[in-house]
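Take a look at the structure set out below.
Labels run A, B, C, D and E following the written order; every chain starts at residue 1.
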Amino acid sequence: MNSIISLSVLGVLVLFLGILKKKTWLLPLILVGLLASLVMSVLHWNMNRSLFHNMLIIDNSGVAFSSVLIFSTFLIFMFAAQYYRKVVRPLDDIYAIMIFALVGAVLMSYFGNLIMLFIGIETLSIALYVLAGSHKEAITSNEATLKYFLLGSFLSGFLLFGIALIYGSSGSFDLYAIHSYVAEHAGAGLPPMFKAGLFLLIIGLLFKIAIAPFHFWAPDVYEGTPTLLTAFMATVVKTASVFAMYRFFSITFFGIHGVWEMTIAVLAAITIVIGNLTGLYQPNLKRMLAYSSISHSGYMMLAMVAFSGRTANALLFYSISYSIATIAAFAILILVREAMGNDYFGSFNGIAKKNRIEAFTLAVAMLSLTGIPPLAGFIGKYFLFAAAIEQGWLWLVIVAIAGSAVSVGYYFKPIIAMYFREDNGIVLQVGRPFRISILFLTILTILLGFLPFLLSGLI
Amino acid sequence: MNTLTTIPINHYLIFCSMLFSIGVIGVLIKRNALVILMSVELMINSVNLLLAAFSAYSNDPAGQIFVFFIMVVAAAEVAIGLAIFVLIYKTTHSIDIDVLNKLKW
Amino acid sequence: MTILIALVPLLPLLGFIILGLGYRGIPKRVAAILGPGTILISFILSLIVLFNFRLSPFAFRFFDWISLGPVSIPFEFLIDSLSILMMLIITGVGFVIHVYSIGYMSHDKGFNRFFAYMNLFIFFMLILVMSANYAVMFIGWEGVGLCSYLLIGFWFKNQQFNNAAKKAFIMNRIGDLGFLLGMFLIFTTFKSFGYQVVFEQAKTMSAGSGTMVAITMLLFIGAVGKSAQIPLYTWLPDAMAGPTPVSALIHAATMVTAGVYMVARSGVLYVLAPVTMEVMGITALATMLMTAAIAIFQNDIKKVLAYSTISQLGYMFLALSVGAFTGAMFHLMTHAFFKALLFLGAGSVIHALEGEQDIRKMGGLKNALPKTYWTFLVGTLAIAGLPPLSGFFSKDEILGNVFGSSLPLWVVAVGVSMMTAFYMFRLLFLTFAGKNRGSDPQSLKIHESPSVMTIPLIILAVLAFFGGFLNIPEIMGGSGMLKEFLAPVFADAVRLNQLQPHHVAARLEWSNMVVVLLLVLLMAYVAYRKTVNRDPGTASRNVLIRLIENKFYVDEVYDYLFVRPALRISDALQKFIEERFIDRIVNGTGTLVVRFSNGIRYLQSGHVGMYLFFMIIGILLILFINIFL
Amino acid sequence: MFTSYIFYFLSILALYSAVMMLLSKKPIHSVLYLTLTFFAIGGHYILLNAQFLAIVHIIVYAGAIMVLFLFTVMLLNLNKDEQSPKPIWVKASAIIAGVMLGMVLIGVLRGYDLHVMQQPEGSQIGLVKELGIVLYRDYMLPFEVSSILFLTAMVGAVLLGKKEQI
Amino acid sequence: MLTFTLIFLPLLAATGLFFVKEEKWARNLAFAMALVEFGISIAALVQYFLYCHCHLLFRLDWLASYGISLKFGIDGLSMLMVLLTTFLVPIIIYTTFGQKINRPASFYSLIFLMQAGLMGVFTAFDGMVFYIFWELALIPAYFIAAFWGGKDRIRITFKFFAYTFSGSLLMLVAIIFLYFRTPLPHSFDHIWLYASNLKPDEQIWVFLAFFIAFAIKVPIFPFHTWQPDTYVTAPYPGSMLLGGLMSKMGLFGMIRWMIPITFSVLNTTNGLFIILPVTGIVYASLIAIRQDDLKRLIAYSSIAHLGLVAAGIMVLNAQAMQGAMIQMISHGINIVGLFIIIQYIEARTKTTSISELGGIAIKAPRLAAFFMIILLGSIALPLTNGFVGEFLILLGMFKYNMVFAAVAGLTIIFSALYMLWMYQRVMLGNTNAVTEQVSDLSWKEMIPLIAIVIMVLWIGIFPGMFMKMAENGVGQVIGIIR
């Protein structure tokens, strides 16, 4: 709760600073504010209480999730200075909207009532519509925001319909109330209206996570959105939605599974196949990362399918490993794009020669996303696979590993380009904070791979 | 005014479903982004009515509160949406959704 | 004693190591002392062993070579009369040939290398005969094959020679596989590789059992490879590419007889497998006949001797096949003497003619090379089997046994004997008698070899002359010294032999001897008539002769049946299976994925309308399936 | 009886104008039809005794949102026919899909039977007072949080709308 | 503790070397570290023999709640493989002296990373840790081959990586699946995995997953097509690492994991799976005959030889398996020796095409002699290392099935055939324009070859020590099978 307040205040402060034209103060303030919020968020550990008539439920998983979200945002802001360094105006609005989006995301990880979920999602979405289009003169950015907005608002209609049906059958928006309704009807089978509502609600969330066939927006929007914000989208938004979904399931369907499992399993399988296969043919890194993020959504659904006490932790670990690797990849992408003007793989040719740290960062990120031990990505994947196998979803795991095998095909493209192709002689212009940040990400990726127990037993 | 006793709730449900479907059809067949947004608003309104009906029939104010929030959000959404359309119109002089398809494959 | 015996093979090894490591550093003179010297000491040590030998076998182990649970293979020697005999032959003849080589190889650049290889060969050959179990025997078995390879290809600049070397090694390896499998079967049957254990147990087994037949057949395949019998004999004539001392030592006196030694050593097993004995007899007979026929029409001095060697080896196997183990060993010994002599003599001729090997270009060398001629004559007489030379006694022993076993076999054997006499005398006459048919400048320079070469010839001639007296048959009043000496080794085998040759009456034996002798003399005369003062190139040719002249086209048939198909299969596998099938499946999977990817990405059409549509379909399906199904 | 007539009238009006919104070629007509639909829905709210919602609905939708739409149409000068309507098969399949969705939804909701209140007559939940109490007691947090949402929308609209380039 | 050091030291070396700028320093440091590692493994050997049957266990909780612990140990099997690795790595590093290497620090760093992976694979007693190190070894191998490789390296090495990685993913699934079949509380510890309770059909799947993963790595026919290209294109140290060490990972994995867990599949399928490697022996040998590239020929010969080893492992008897262990060591030593010689030849003639060479023995008799000895080792002449292993494998196979043994035994004919022919065309005959200027080996160049030749003869003549280790290790596996 404190973190929500502090973040909101931070956002407003940022706007004020913008009005006061204090450009240089912006980023330090944001970073400090985010850190403070992170601390506040972490301080809620073991608080375990519900606030405002169950509007918010502060529990450990929520604390962990929201901390991850704030942390990821913090990392992304670390790269903001570099990304926007040629922009003269204060950018307070963009930063403020990012922080407001984060507020929405944090709400999604604490919600105890569908109203809060709805408001959280909408805060996040509206902020993202704006962010996607924030590069106004670029036609791709325009297209991204249009597509995202149209599809997003369309799907939020379904989400609302689903909420309405759930309300109609269970008589409440409160998660615990819904849970008691579900528990009551679990034996005789849930009434169709509730099921319809449930699935429409899930579909609304699946859209945000970019699960096939609701993933179509993702590649286009990711490609069109300004790169820094794409990183935000691919990490914070996705993990927030996955967490929201987990939260919804874990409370309302506590102890009762099976209603949604098969559907999500099939969708996850389709997502993995489509994400990986399509990713294989992409000529540029940004779009490839979009498909990568789609396929990773599919992997995360494995945990959802194999729902158990360890799901939260598996998701947490996976999303952290995924987020740091993806952010690192986007960070390097920002650099290369700045130097070369595009994100085609050809731009990466031979950059390893003169930019060892940057190339190494991207390589580690790619390897982690592929799931090569002993990097964090592997441990994350292992948790998911283990969970799925434990629950008997062997076929799904087979699909997942087939996907992983295919994914080597595209994750290695930048590695091959950077290390093995002819040098194109560019030297990336990197500031010190930026370099420290990417090093930090790399070390974190390796460290989490070697010391996964730091996070594995958390929730 | 004894609507609740004279009209079965099923009527409301079916009415809302139809309205919702018309909204969906509108989204699917129209090319004008503005009309699509209107269709989306129609969908949302049908949901609003559905919630209000549930709320009224079960004598629970929560549903109507939710409708209130939906309206809030819808207003915000429309504001943003229209801003986006204006933005796009500035660059492409059209708000036809099929004009913009540079990003693909 | 143990140390002495250990030194017998170790000294040649030492010689090899010093010469091998020193290679270019050691002067020729040192090598000339070191090479033969180590062998001489080995020979002396062998003699000491012989004189201290009390007829009871004597085994001792040095260390465990391969030892794993039930599989225990110690590095172990077994000293009995058989191995002592072989040791003496190897070191004795080996020493003589080493000495000869000093002269023969004196101008060669690879002098040191030559002696290194030769010493290594002696080492392996000694291991082969001294071992106390099959596995250690296999070390020597393969080792001599290696040395043979190295020495045949000694002049490695010539790819023809290298081909011959490779052929020898591969054909030997084919046999080795048989030997190896036979060994495995022995192990699975008797749980041991040691001779003593195996033979003890074998004695209790019933004759003719499938296992025994399999074991002996597999071992026989090994012997066929090593001793150049049909069908694996074609390498031996080619092996003449090596320096002549090599031919004398390896491809006449010692290595090729390893098969005979091995079968004799495993006599107990063989007598329990009559089927194998028959197969062996037939193989031997066919080999003898065929190669003797080929020898008649060969014009290369060494090739004639090579085919003769094969033929003589056939003789030995024939003896083995009728259970005349002593006879075989006896002939092995005398053959070592006279064939080594013949080769060295041939080497002397070649040396004198500076490399000429075609007998059609020789003739009339009697006066130019007197010592060579006389010793060569002794060899010829010995191999032809004229009394009282060694060949007479050893052949007689075999023929006697064969006669007692089966008359048809005897007839063929005698026929081969006649052919032997013919081609040997033909060789002798063409080389030494008549006029020189070579080019004139050549004949001017002809000179007798140095004494370092002729003395070995003389030593061997003496041995070839008197070697037979070691085993004068009883009917001639001899004591059968060798037979007695070897008796303990073969006692079990002889006792268990089912096909025990009939004892032939003394009168009949005498008459046989006379008949054979007369026939041989006749052939000598025919050979004289046919060759002397005639141009050998103009004889009329019919199909049969052409067939024989071309060695029955066996090499060509092998080439056609095995070599070319193997190469073609190799190419086909590479092209069709490897590249077009397996690799295509692997790459195809990749390509397929990429193609599929290329196809599937067009789903992402870029049109919002399409995306909406897909979503609606997704929603419909999800709702429908979950609620109504 | 009277209420049911009103119900059917409003429903049919809403559906009719919704369909007309789709069928009309000119965006401005669509806007007007949609406004009509919204009014009909507002009538439904009154019918359901949700007076507060009815008022807010009219103010927000008919009053604010539709005016925004109208402004946009005028601003962008969109008041002309669609240049090239979608091909007929797209329309057909869209309609089939929409109808199927409607059927699925109706199929789901048809058998629904809500336990009716004992005293539906006395229901006062839709009144401003009642709702106000609930809103500021139970739903205080979402109410406050939606300010963030509005702020976002505001800043966002300005960001997207203003001339300045970044 | 020694065990831990063995794994940790290369990791440390890899990290440290990454930051070394000076080429000479990197080189010397790498060599010194490799020697230190070798010394430690010798210490481990001494400790192993002093307290036999203690497994030098090292254990650390890692992901305790998921049943994974960092459990490493050295038993007979591990000891052999560890020795092989620590012996070969310094040699491989030594052969790079005098070569011009682009970015030497990264190169040596990767070699050590790979060594760490190999150490982990060979000493892991925990299934998941095994898998982690398994993959850890793959990445540096890929980078070495792709960065310093030759023609068409990007495509070839990618194929190599994707192929082997796909195989290992299958194994990952199998390992996780096994984990949930272990007795409670679930654990990846090898004892638990061995005790896992599988239904017959599950066993087949698990077996297949393991088998394919290992077969690709070894490689066993018909999963081998990545290998010849990769060996050809990889730089020499890379080929040595791949051929000498990485291929052993698969075979080792079979003995350590596949056989103890799913041996009953082999029992019930009646040698169905042995047909593959046995076919591979003949197949690869036949193809090897016609190869014109030295490295490619060695690659195919490697398929044949390792096929024999794999077959030996899968016949499930003590002799064959012990022979397989010995043969793994021998093959590792021999193939590295052969690659070193080919490297020397290429350094002198700039080609590895057999048809362009000839007559080198005239110019370089020492090279010829070393080549001959190592070649004899690889064609399994008695008293060389190749013989001991092949002898035992064939003996064991013979007990299992005579036909298999006979077909597999063809390798002794074929290997002689293609190896000698290769030798003949490369070393013998007369010199030509390419080989005219070939110089003989210098003393510096001879050092690694001498080390290898010593091992060739040592294992060939006195294999006792190695046998003892193999016996100890294999004994446990055989004990489980019984």
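In this text, a contact is a pair of C-beta atoms (placed from the backbone, for glycine too) under 8 Å apart; a residue touches a chain by one contact, two chains touch by 3 or more.
What you see is a predicted model, and the numbers here were worked out from it, not measured in a lab.
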item: Set of chains whose contacts include both subunit C and subunit A; value: B, D, E
item: Each chain counted as touching subunit C and subunit E at once; value: A
item: Greatest separation from subunit E - chain, by CA centre; value: D
item: Dominant interface by contact count, named by its two chains; value: B-D
item: Centroid-based (C-alpha) most distant chain relative to subunit A; value: C
item: Euclidean distance of C-alpha centroids - subunit B vs subunit C, Å; value: 98
item: Distance between the centres, which are taken as Cα means, of subunit E and subunit A, whole angstrom; value: 42
item: Distance from the mean Cα position of subunit B to that of subunit A, given in whole angstrom; value: 27
item: Averaged-CA centre spacing for the pair subunit D and subunit B, given as whole angstrom; value: 5
item: Subunit A: positions in contact with at least two other chains; value: 115, 119, 122, 126, 129-130, 133, 136-137, 145-147, 150, 154, 161, 165, 168, 192, 195-196, 219-220, 281, 409
item: Residues of subunit D engaged with two or more neighbouring chains; value: 86, 90, 94, 97-98, 101, 104-105, 107-109, 112, 114, 138-139, 142, 146, 149, 152-153, 156-157, 160
item: Interface hub residues of subunit E, defined as touching at least two other chains; value: 162
item: Touching chain combinations (by label order); value: A-B, A-C, A-D, A-E, B-C, B-D, C-D, C-E
item: Complex contact set, residues of subunit D against subunit B; value: 1, 3-4, 7, 11, 14-15, 18-19, 21-22, 27, 30-31, 34, 37-38, 41, 44-45, 47-50, 52-53, 56-57, 60-61, 64-65, 68-69, 72-73, 75-76, 78, 82-86, 90-91, 94-95, 97-99, 101-102, 105-106, 109-110, 112, 114-117, 120-121, 123, 125-126, 130-131, 134-135, 138-139, 142, 146, 149-150, 152-154, 156-157, 160-161
item: In the complex, subunit B residues that touch subunit D; value: 1-7, 9-15, 17-26, 28-32, 34-35, 37-39, 41-42, 45, 48-49, 52-62, 64-65, 67-69, 71-80, 82-87, 89, 95-96
item: Subunit B - residues contacting subunit C, complex; value: 24, 27-28, 31, 97-98, 101-105
item: Subunit C-facing residues of subunit E, complex; value: 159, 162-163, 222, 224-226, 283, 286-287, 289-290, 318-319, 322, 359, 361-362, 365, 369, 376, 381-383, 387-388, 391-392, 394-395, 398-399, 402, 405-406, 409-410, 412-413, 416-417, 420-421, 424, 427-430, 461-464, 467, 470-471
item: Residue numbers on subunit B that touch subunit A, as the complex places them; value: 13, 20, 23-24, 27, 33, 36-37, 40, 43-44, 46-47, 50-51, 54, 58, 60, 62-63, 65-66, 69-70, 73, 76-77, 80-81, 84-85, 87-88, 91-92, 97, 100-105
